[in-house]
Every structure is written in C-alpha cells, then in structure tokens.
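Both complexes shown next keep subunit A, but they swap its partner, so subunit B is in the first and subunit C is in the second.
Let's look at the complex of A and B:
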C-alpha cells in the first residue's frame, strides 16, 4: 500500500509540472491585457507599457514562467494584480467556504442518492422507482444556477427562513454558518445526487442479477442481508468512482453556485479573476483544482481496496 | 400614422413613468433626517481596488466616502471647490492659486496642509492612471500651509475641471502615506493607508465579502449647495456596509429578502416588481451611462467618409435604443459625450445629421468605394448596454447592403481586439456620463498618441479653445462646433443615454435619483 501511494505521489510531480505549464500558457496566450483594467480605454500606449512593466508583464514569457513556477516550488504563488496581496492568502480565505460547500453538497448528495438508488433497484418498476427516475431526470436537467435562484425566491424572499446570499464563517457561529450553507448545498448537490442515484440503481440492478445473489437467496439468507451486505458491497466500487467524479464536478459547479449565492469561495475568486485577467490568481487556482483532483482520485483508488478485499496495492 | 400613435403612446408612458418617479422621489425625500443605524448596500462590483488615483476601476460612490479632491464637480459638471476654498488664475493665465479649506483633518487626526497636496500631486504624476492629462502643469509650490500654486506652460482653462475628474482622481492623501506607498498602488487590504479627509473612514475590508465604513466624527463640512459631488455631506448613518454582489438577480433577491437596503444596477425589467412590492421602490440614476458606435477610421472600408455617413444617415436611433428596455430607462441623445442638463449640451445642434433615411444611406453606399469587404461588428456580451442594440445595428448594416457580421468576444478579449486596428471595422462602445469638458482633450488621441485623422485640424482648433480658453461661453461654442465637425466626419455615432435602476427598501430616505449615489446623504427611518 505504502509503495503504491509513494509511486502515485511521484507520478503527480510531472503532472503538476504539466498542469503548471498548461495553466501558464493558457492564461498568457488568451487574448486580453491585464493592464487594460487599470486604465481608461483611450489611455496612450506609453501608459499601457508602464502598467505592464509594473505588473511584470514586460518580460519574455519563459522568464515570467520560470519566475512564477520557481515561486510555486517555494510555496509562493505570487501577488494578485488587483488586490496587491499574496495569492496564497486569497486562497486561504476563499478555500474554506468552498470546502464547506462541497462537503455539505456531497454529504447531501450521498445521503439522499444512495438510498434512493438502492430502493429503486430493489423495487424496480415500482411507484418508488418511477419517482426516483423523475427525481434523477429533474436533477440532471435542471441548471444549478436556476435551481439556486428558485430556492432563494422561495426560502429567502417568500418564506424568509434562510438567507438569500453570503456566507457566515463557522467561527462566527455554527448555526448562522449552517444556515448560509443549506440553499447553496442543495443547489449544488442536487445534480450530483441525481447522478449518484442513477449509478447506484444501475450498479445494484447488475449485481442483483448475479448468480451468487440468487445462490444466497436460495440458501435462505434474509433479503435485507442479501441486498445490503452481499449485493451492495459488490456494487459499491462503481458508486465510489462516481462519488469521486462528483467531488470534482461539485468543485467546478461551485463556480456558478458561488456567484448566484454570493459565496466568497474559490469559484467566485476564479470567475472574477478570469474576467479581470488576474494571471497569478487564475494560474494558482488551476494548480489548486488540479491538485485536489489528483488527491481525490488517489483517495478513491485507496478506498477501492477497503470496499473490495480482492484489490491489493503493492 | 402608426409612428404618430406610437409616439403618443410613448409620450403617455413617459408622463406616467415620470409621475410615478416623481412620487417615488418625493416619498424618498420626505421626513426629517435621522441619525444612526447601518446602511447596507448590495453592490454590482467586486471592489478589488480602492486606490482612486492609480486606477480608473474604482467607483465614485465608494471612494468619495473616504477620499476627497481639491476640486469636485456639481450636477452641472462645473468645477466646485471641495478641499479648496477658492482659486484664482493670474493675469497671464499661467499660475493657478488654490486656497485650501482650513480646519480639515485626515482620518488619522492630522491637519491637511499644502505639503499633503504637493505630495499627493507628486504621487499622481508618479502612479496616476490619468497623469498624462496633467502634463501642462510645469511646477507646484506652497507659499504657505494653506495655499498651493500650480504653474502651467500655457493658459489652461480646463485645469479646475481636470482636477475635478472623478476617474483616476487627484485626491489628497497625507504626505506620510505617499511616502510609505512609494511607487506602489494601494492594495485593497491596506486599510491603514486608506487615510482621507472624507465623511467616513475605512473600518474594515474583507476582500470580496464586505467593505465597512464608519462615520468620521471630526469631519469638517464643505460649504455651498448640495449638487453632484459638491456641497455638504450628510453623515446620517453610523456605518455603511457595502456587500459586493456581482450577480444582478441575486442583488435583486437580496433586496426583496431585506438583506440589503439598496441594490444598485438592477435590470430595467425589475422596476415594475420593485414598485409593486410595498417594501421596495425603484429609483433611476440619471443621466447614467452613454452608449455609442465607433467605426474604424484608420483601416478598412470605413476609412471612406461616405460609407460612415451612410450608416449615420440611415440609423434609427430610437429603434436602436428601444432594445435597451422600458422607455423610461433610456433616451436618444446623439450629442458627443454629454447629456441633457449639462452646461455645454444642446438638443438641436445634431438633429439634421440623423434623419433615419435608409434610402439616402444606400445612395451613399453606392457612391462610396465599398466593394463588398467584410464588416466585422465587434461586441461584448458582458455589457448589456452595448450588446442589446447589436441586432438592430447589424440588420441596418445588412439593409445598407454591407457584408456585415457580428463578432462577440468576452470583455478582456474585446479590449485586446479593439487595439488591433486590423481586427474590426465597427464596434460598440460606452462611457460614463459624468466627465468634465477636459475629457474631450483625452479623447482626441489614439492609443499611439497620434491625433485622430478623421476629424481634421478644425476639430483640434476647437479643442484648444475648450482646453485653454478662460471664458466658458467660448468653450461651450467650441463644444457645439466639435459636435458638428464630429457629425460631418461620422466616425462615432452616439446613440443615447441609459439610466441605471437602483432598488431601495422603503425605510431608506434621501436617495438622490440623479447620477450621484451620495451614500453619505442617506438616512434610515
């Protein structure tokens, strides 16, 4: 197991390097000049040159890359062009809200989706299964920003139960904090829940048709034990894969949901930075998201061994 | 006939809307001022920059809470003293002497003196986003602690207006702040350096989350009448909290939910709902913003003035502006840069140049050198004011027989493509409507510092009068002449004015419905 983890971590080094190069090139080769955001449209060219010098954009691209990536290796992601403060500090502030949002969305998605998927597989073609299918279809078809606006209208404006926007940090009180998380988590988690429910149902259906399940039933093992121990455990690896994929899609989905709920997380930071061509922040964000994806994939791979004893890493 | 009934209907709607707005404004203004409370504003911008001198991205209604310039603008765009008590110009027009208002203190408790003004001027010339517009000043000196003298190389009548410009403004910082900053801009978290003389001081800034301003009790009120940014500043509420809420729909919902007292820049479509809700009301920020079309006069088919004039005579300004939303949220105005009510504006000067005559336009196209070249109409989706008229304008170009297509790119790409004169033929453009006359001086040069070739020498001769003449009557006549010359040259087509919608909770009082959102004048019932 340790060898496997170490090997995977070594493989991440070239991946991070490639992501770094790709992020840098992607950002710098995209049209749009950060200097334009400090100046009037009619400013003379020498003023543009002056601002580019101040931002360090007058250097050749390879020099800029070496300077930036050298900083990354030392743990310094540079300073934001606009906020004039370290990108790492901006992430330190923006990352926790995104993590809370992602985790609560994932929690809601899994808690809701796995039982729905299991029950609709066990009771295939029943009324419950049909309800579950509708639930899944709506979840897949509803854009999360639109769902978010509907939720705000209903629960914040009409009923006044929950806040319409913003985020209260847990250190300011866990209940106010949780209240600000509920609506965005539902808006973000619903599509993930639909996907997980669908995969759980199809995974369970496949397993329930296997010979060993029929054998277990023939041996007189209780139906619940057959379903939840024999079948579910064997159906769980594909579900785990989907949950792993859901984490990364929740992070990317948070870009939109954070805008709608005015959530001060990484998603809003990235969107604002892209519009302003704040290169250090965009590059840092891409690296961060790539890093999270790598870690999540590694964790999912390790969990395979936990859920399926046949899998051994060495 | 159809057109007449449409006009009559429109006139009725305008009257009805004006009545509703007048009543709303009355409702908002009534009552005795109350002191105390916290005003929460849902703001459209992320507010990542508060260094008004070093960037043109700051917002007037926010930085004016904290910082103040020597000279500001009234609602008529005329220069009025703020930190300056008065000024005078020498007989030769080369020395401007500003007497500073006495008793003004910075937020750190130190008195404002001429040394701070000089230090701030030096910073302006070092890092100022608009420093090139101050190039006529050759030296600055302080005969005493309450007097500053600016010397110019030639008479410069536009000096006070240039000082009053809110974008990239010449505000006064304490000398020690200037020294600490050096060549750097002020970061959004540099709260300890955000020291001004304004009615509120910066209490807390959490980037992307909130900006909190608290009343500055030692503030010394300016004299004169309230108008535009001029005159006394209210200081009624204890604290002003600005929440950057960049999504328009969320801003609107936060207002309906009672989480903010004011939500700025809402969609015109929200007006009916805001007025129907007993807890909210809509107000318009007039004049608001300008929108116009700019043709590439340096490369491509629009270098031919006949082709530019073809577009100008054929365009139906009203039809283009109808795309902007309910009719009470805009007005047609082809006058270059300025608006109704501003001192140099004239409704009649351009009427003959916009007959909306498609046939005449086609004749001009036939007479021009146009030979079927591609006309790329550059546009951006992130600014609704600019993209909304695009279908009408595109249809017009095609009706004129031009091979036109719409090219839509994101805002940052737009700014880069715009600079490449080989990359577009006609583009959308917009601008603020609160810029002093001296701004025209900056408009007449391209990105390479070259004068506009399409307007001719007479345009620049008029510009000289605007910039240098000390008589406002002469300057106004020059503005009218510049408008006529611009219309003859037809390089830009100014479509009209747009009014921003501000949503307000019904307990908020004294919100001006003019362009200036003077947050320091608001009180809460």
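Let's look at the complex of A and C:
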C-alpha cells in the first residue's frame, strides 16, 4: 500500500509543476505589461523602470517563474491589482460558500443518482429504467444556469418559498444558510446526478454480466444478495471514478451558477477579476482550483486501492 | 423481448437525435429565411411583449423578436461547436498519435494533458478569455484548449492497443515507414471512437459557449447567442419570464440531439457496446 501511495504521489509532482507553468504563462504571455496597472499612462520612463524592478518584471521569464512559484508553494499568491490586498485573503473569503455549494450539490447528486443507477441496471429495460434514461438525457443536456433561472422563477418568484439571490453564511444560522443553498445546489447538482446515474448504471451492468455473478446465481444465492453484495461491491470503482469526475465538473459549473444566484463564491470572484483584468486573482484562483482537482483525483485513486486490492498489488 | 424493445427505443432515440442535429444545422444555415423579424431591430414601444401571433416567443427588453434571435443564435452555437470539434480532432489526433506511438514523447505529452485537465474547464476557458479578450474566435481557442486533452487520451488509448496488433507489426516488418503506418493503419482505426467523441465535444462546446456568453465572456451583444440571450433574460426574470424559456429550450434540444446521435453512433460503430445502452 505504501509503495502505491508513494508512486502515485510521485506521478503528481510533474502535473503540479506543469499546472504552475500553465497558470504562469497564461498571465505572462498576455499582451500588455502588468506594470501598466500601477502606472499612469504618462509616467516618466524612470518610473516605469522602477515599478518593473519592484515587480521583478526586469528578470528573465524563468527567474520570474521560479520566484513566483516559490511564493505559491509557501502560500503567497501575490496581491490583487484591484483591491491591493493578498489574493489568498480574498480567496479565503470566497472559498467557503463555493465549498458549501459544491458539497451540497455533490451530496444531492450522489444520494439521488447512485440508487437510480443501481436500480435501473438491476431492472434493465423496465419502466423505471426508461425514466432513468430520460432523467439522464435531459440532465446532461440542460445548462445549469438555465435550470437556475427556472428554479428562481418557480420557487422564488411564483411560490415565494426560497430566496432568489445571495448566500447566508452558516455562522448566521444554519437554516437560513441552508435555504440559500437549496436552489443553487439543485441547479448545479442535476447535471452531476445525471452523469453519476449513467456511469453507475453502466458500471453495474458490466459487473452483472461477469461470470462470477452467473456462478453466484447458479449456486442459488438469493437474487438480492447477488445484486447488492456480489455485484455492487465490484461496481464501486467505476462509481468512484465518476464521483471524482463529478466533483471537477461541479466546481467548474459553480462558476456560472454562482452568477445566477449572486453567490459570493470563487466563481464570482474569478468572473469579477476577469472584467477588472485582475491577473493575480485569476492566476491564484486557477492554481488553487487546479490544486483541489489534483487532490480530489489523488484521493479517488487512493480509494480505488482501498476498495480493490488488485490495484494495490498490481 | 425486452432487449428487442430496448433496441427499438434506442433506434427511435437515434432517429430523433439525427433529426434535431440536422434541424439545428438547417436553422443556422437558413436563419435569414426562417426568421420572421430582423434579430437586431429594436422597437422600444414593443418591448417585453409576451408570446403572440406576431412574436411567437415574445420580445425582449429592446423590443427585439426572441424567435428570430434564437434562430440566429443557432449560428453562433454551430460555428463555435463545429470549429471546436475540427480543432480538437486535429490536435487530439496529433497529440494522441504522437504520445501513443513514440514512447519518449508519451510522458511529457500526457502529463501536459493531465495538467490541462486539472483545471475545471470553464475556469480555464474564462482565464484564457481574460488573457486573449472575449470574442467568438477566442472562445473557439479557449474551448479547444480545454477539450483537446480528452480527445488526445482517447486516441492514445486506441494507438497503444493497435501498436501491438499483428497487422501493424506486419507492416513494420515489411519496411513501412512510421508515417505510412500512422496514416494507413492507426488513423483509420481511430476514426470510430473519434466520431463518437466529436458528437460529445460538440454538445459540451455548445453548452460551454452558452455558459461563457452568459457570464459575459463569450459572444458580445447585440449579436444574439443563446447564452447572452439568457443573460438578458436574467435581468427581466420577474417581468418577462418567457425571455428565459425559449433560448434555454434551444440549448437543451440542441445538446440532447447531439448526445442521442452520439449514443446511436457509438452503438453502431462499436459492436462491443451493442446492448449496453
């Protein structure tokens, strides 16, 4: 197990480095000089040189990269051009709402989708399976922000049950907080649920066709035991994989959903920064989000090893 | 009996998917003939009108005809979607073949693809657009960069499995050069999964373009796109709900059609998938 974990961690290092290079180049290859943000258009040439020196822009790109990435590894993501405060502080403020939103969406998606996927595989071609197919097809094709708009119309405007906008932090009471999370989580979670249901179904179908399942049936083991003990246990890995994928797609989707619901999370922060051309914030958010994705993938891979011993020793 | 019904259900769905996909293309190609009004002509006296015989899907905040704008909106989706498919296929094929065929390139190329895949797609796309500037061409490039890794991975997988097969080693034994083996054997055998992948890339590209235009990083107004129409609709949610219904339905049907077509193609092109649904 230790060898597996170590090997898996080593593979992650070049990816982290490449992610850093990508985020660095994205901003540094952008037309225009970052020093312009700190200067009046008619600043004298000495002033320009001074600011460029202060920002380290006079150094060659590789040197700039090493300095910047060194800072990143120590948790220093630089300062926002716009708000003149550390990016990490802005992120610390915007991150919790996005985490709550992503986790509630993931929870909704898993709780709904895994049973749907399992039942529709066991009762393949039944009416329930047909409904599940339609649920999946529509879920995959529906833009989360459009679903958000429809939900606001129905539950906030027409019925007046739930707030249409904003986020109440849990410190101010968990129920008001949860109320602000319900609609965005449904909007965000549906496509994830569709994805998970589809993969669970096909993963389960794959397993149900295996020889050992047939053997178990032939031995006269009760159908439920075959399905839920013999088959489901082996369908865990594909389900895990897709849940891992779903996390990434939920984080991605949160960007747009947050805008629909005026949600003060990372997505909003990034979109606002894009319009202000606040590159350190964009860069920092990209890196942190990529970091989270890498960690999620790592955790999923390690969980494989837990649920499937073949991987540990393979 | 159940499986027969399943196949029929699948075939029906594939037919529907093909029909919707062709209809979207026709809509984009013949937009000027299909639209009932000029999609850009404003008429303030006629603003925020609900659907009527004159304006089938109502009018927006500037009195523009939503039906005509939605028809023209298909042009943006089709242009972006098909351009992204063409480019991701080209780059995905090149990178996937290179990584699968040449061991020494594999590590570098695939780790780079992994790095790109570590960024959630919309975040990466929006950061690229922040750097390049928001317009349709840059949306195409941003989505190409975010979607190429998946295609490259699929191609690499096909190449790796083909490389060991007898007909490829046979060709090599006969003295065929790498390029010939690639073009005559590897590329044709990658086509089936690539065609299937294309339909999904198309769907994702259309959804992403709509999302990017919705947040204001994609197609700029007044050019109608399904995404920026929904951005307008968001501001009039309380007074003109119809503004949000129709552009959204166009997106759902467009993407649904592509996914149905893709599922059908996968079943048809890959015999192992038959009956898997």
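As a convention for this text, the second predicted complex is superposed on the first by the 255 of 314 C-alpha atoms of A that agree within 3 Å, B and C clash if a C-alpha of one lies under 4 Å from a C-alpha of the other, contacts with A are read in each partner's own complex, and residues count from 1 in each chain.
The rule we apply is simple: a residue touches a chain if its C-beta (ideal position, glycine included) is under 8 Å from a C-beta of that chain, and two chains touch if they have at least 3 such contacts.
It should be emphasised that the depicted structure is a prediction, and the values quoted were computed from it without experimental measurement.
When the two structures are aligned on the shared chain, A:124 is found in touch with subunit C, with no touch to subunit B. Shared-chain residue A:70: touches no atom of subunit B or subunit C. By the touch criterion defined above, A:269 lies against subunit B but remains apart from subunit C after alignment on the C-alpha atoms of chain A. Applying the stated contact rule after C-alpha superposition, one finds that A:115 touches neither subunit B nor subunit C.
In the superposition on chain A, A:29 contacts subunit C only, with no contact to subunit B. In the superposed model, A:286 makes contact with subunit C only, not with subunit B. Judged by the touch definition given at the top, the superposed model places A:152 against both subunit B and subunit C. In the superposed pair of complexes, A:45 makes contact with subunit B only, with no contact to subunit C. In the superposition on chain A, A:173 makes contact with neither subunit B nor subunit C. Of the residues of subunit A, those at positions 30, 149, 152-153, 157, 164, 259-260, 275, 277 touch subunit B in one of the two structures and subunit C in the other. Interface of subunit C with subunit A (complex): residues 2-3, 5-6, 9, 13, 107, 111-112, 114-116, 118-124, 126-132, 203, 207, 210-211, 214-217, 230, 233-234, 237-238, 241, 244-245, 247-248, 251-253, 255-256, 259-260, 276-277. Interface residues of subunit A, counted against subunit C in their complex, comprise 14-15, 18-19, 21-23, 26-27, 29-30, 124-125, 130, 133, 137-138, 140-143, 145-146, 149-150, 152-153, 157, 164, 201-202, 205-206, 248-249, 251-253, 255-256, 259-260, 270-271, 273-275, 277, 279, 282-283, 285-286, 289-290, 293-294, 297.
Taken in their complex, subunit A has these residues touching subunit B: 30-33, 36-48, 54, 80, 82-85, 90, 93-94, 149, 152-153, 156-157, 160, 163-167, 259-262, 264, 268-269, 272, 275-277. For subunit B in complex with subunit A, the residues that touch the partner chain are 46, 48-49, 54-57, 129-132, 167-168, 183-190, 206-209, 243-247, 249-250, 253-254, 256-259, 382, 409-413, 415-419, 429, 442-443, 445-449.
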